[in-house]
Amino acid sequence: MDNSKGHDDLTKSELHVCLDGFEGPLDLLLSLAKSQKVDLKKLQLGILADQFLNYLRDQRYKFKLESAGDCLVMAAWLTLLKSQLIIPEDELEKDDSEKINELITLRLQRLVKIREKATWLFDRPQFLQNFFPSYIYRDKKVIKEHFLIVPLGDILKSYLAIVDKKNYTVPIDANEEYLFLDKAISFIDQKVKGSNVSVSFSNLVKEVHALSGINAKRCAATIFCGILEYTKIGEIQIKQSNIFASLELTRIRNVYKV
Amino acid sequence: MSNKNAERVLEALLFTSSEPLPLKDLEKNLPDNVDVESVIEKLQKHYETRGVNLKRVGNSIVLRTAKDLDHLFLTKKVTRRNISRAARETLAIIAYHQPVTKLEIEEIRGVSVGSGTIDLLMDLEWIKFGKRKSSPGRPITFQITDKFLDYFDLSSTKDLPGVKELKDLGLSVKKLNQK
Amino acid sequence: MSNKNAERVLEALLFTSSEPLPLKDLEKNLPDNVDVESVIEKLQKHYETRGVNLKRVGNSIVLRTAKDLDHLFLTKKVTRRNISRAARETLAIIAYHQPVTKLEIEEIRGVSVGSGTIDLLMDLEWIKFGKRKSSPGRPITFQITDKFLDYFDLSSTKDLPGVKELKDLGLSVKKLNQK
């Protein structure tokens, strides 16, 4: 059935875990939430926030850099939530905390659901366990050509193998840090699409530069590409009052998706 | 070709194949005037009560031994592979949310997809590449395969319980920001 | 066990066996009070007019496709395991670099491309001739066909993931060469 032994070791060793025994902040949060033994919708987020932050404090030296970010975002959310629970005054911010509350609950619910489904799937009757294929011998006659089965993955990997062998250099200097397009896109998504007012391009660049420490020109180039992607699908509008004036980005509302 | 003979042709093809055969390929072996669907239906009915059953898996057809006879094949059972939790969950996400991008999978699990996970699922031929999404960056998507359906004794994604419920929980948390 | 169930057991056993099964092995899987001969006789009758037939070979039993359906099974030797690494690589290069000349393919692969490889891909109708290049000698180029796209369920070559995407997904090429 397969020739892919050794895979499991690979997946295990390369799990991006930032926390001992937990697969990321969401996993940790979920197991903390379960200890409250209540409906996910009625979570005591204050308690949860404390638990989460304490855990992080204990584990901080074990962080893997790439996922530390996720944990910190989660920590920041929870801290904000907690502070809102103590002083629920400002209307606007309260709105924010409700959103975050809702968001965390939703993400936890979703994770619980998908875990259930994964368990359900692997509990099912399985091929080569409960039912078996034909091994009827075909008298040395091989099946007709259009039943040939070649997985696309094999073809693609062949290509990857050649490119690897040839040492085709992807024109990126490994020593330098680059802002990748997907990162830029998710940043724009947060900043511009989540906002009702216009955002200036140069501020965006400054912010990313400050956050990531990546060369500002590179940030500018990638963010600009990201914005173009969004304008292409008509979700963001760019305005510039005159030459060399700052670029103002606004979300286009009422985008009707077909 | 009579319908009876069409049945025989499909029977011969299916009996000698250990893998699901795509409907469109089966069709090529029948004359144009034969409706492949009705032939399959007849065959399925015929095999319903027998030791070998005809199954639909997505757009393919396969014959498999009846599940209640699994005791006959103790020696043929393969040891179950130990599939990591990450891989199981990733597979479930792809099955429930297909077509789905890597980023979306990561969003649901709250961790990045480790290298090797997608590779494993691809090697098992449980997932395949789908179309690119029209969202920015045109990311590539993943879909499950007929082989996946066959492996888990499903005839289509409709057999997955609670698809709607999960879809309602949504894929993208971004929606919340736009409220 | 009813006779009906005894039939099902033998059916499943024969289905999963590539070799003729000795009568006494079949008998072992049936309860003592069942007469294996009569069950086989019944099965043989059942399959007489179908696409697979039950045959006796000495003291053994086997299922075989009906003689008159031999034309379905050509002797073309292209099974999944026989599509060579050379063929896969050549196909991949044509898909990613089309239109591409034979010389260019050889340059990328670092080895010459045997005519058998091109012939195989041509036979499968996965590649075709494209225009001639305007470079010296006006060499002919290769392109992939719609049939290729159809086979792999792609709407255009743009749906093929790029090298960076493949690497991001953590696809590993190590095992491939063992296939």
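Order of writing sets the labels: A, B and C. Residues in every chain begin at 1.
Quick note on the criterion: a residue touches a chain if its C-beta (ideal position, glycine included) is under 8 Å from a C-beta of that chain, and two chains touch if they have at least 3 such contacts.
Worth saying up front: this structure is predicted, and the values here are computed from it rather than measured.
Colleague: Which chain is most remote from chain A in terms of Cα centres?
Modeller: The chain farthest from chain A, judged by C-alpha centres, is C.
Colleague: Could you name the chain whose CA centroid falls nearest to the centroid of all protein CA atoms?
Modeller: Nearest to the common C-alpha centre lies chain B.
Colleague: By number of C-beta pairs in contact, which chain pair leads?
Modeller: Max contact pairs: A-B.
Colleague: If you average the Cα atoms of chain A and of chain B to get two centres, how far apart are those centres in Å?
Modeller: 26
Colleague: Where the centres are mean C-alpha positions, what is the separation of chain A from chain C, in Å?
Modeller: Taking the mean C-alpha position of each chain, the two centres sit 37 Å apart.
Colleague: Averaging over Cα atoms per chain, report the distance between chain B and chain C in Å.
Modeller: Averaging C-alpha atoms per chain gives centres 18 Å apart.
Colleague: Check each residue of chain C and list the ones that touch at least two other chains.
Modeller: 12, 15-16, 52, 63, 65, 72-73, 153, 160-161, 170-172, 175
Colleague: Quick check: what residues of chain A touch more than one other chain, meaning two or more?
Modeller: 4, 10, 14, 132-136, 138, 143-144, 149, 152-153
Colleague: Over in the complex, which chain A residues touch chain C? Could you list them?
Modeller: Residue positions touching the partner: 3-4, 6, 10, 14, 132-145, 148-150, 152-166, 168, 170.
Colleague: Considering only the defined contacts, which chain B positions touch chain C in the complex?
Modeller: 4, 7-13, 15-16, 29, 49-52, 63, 65-66, 69, 72-73, 76, 102, 113-119, 122-123, 128-129, 131-132, 140
Colleague: Using the touch definition up top, name the residues of chain A that touch chain B in the complex.
Modeller: Interface residues on the chain A side: 1-2, 4, 7-8, 10-12, 14-17, 23-27, 66-67, 70, 99, 102-103, 106-107, 109-111, 113-115, 117-122, 124-136, 138, 143-144, 146-147, 149, 151-153, 181-182, 185-186, 189-190, 193-194, 226, 229-230, 232-233.
Colleague: Which chain C residues qualify as touching chain A in the complex?
Modeller: Chain C reaches chain A through residues 12, 15-19, 52, 62-65, 70, 72-80, 83, 85, 88-89, 91-93, 95-96, 108-110, 123-124, 152-154, 160-161, 163-164, 166-167, 170-173, 175-179.
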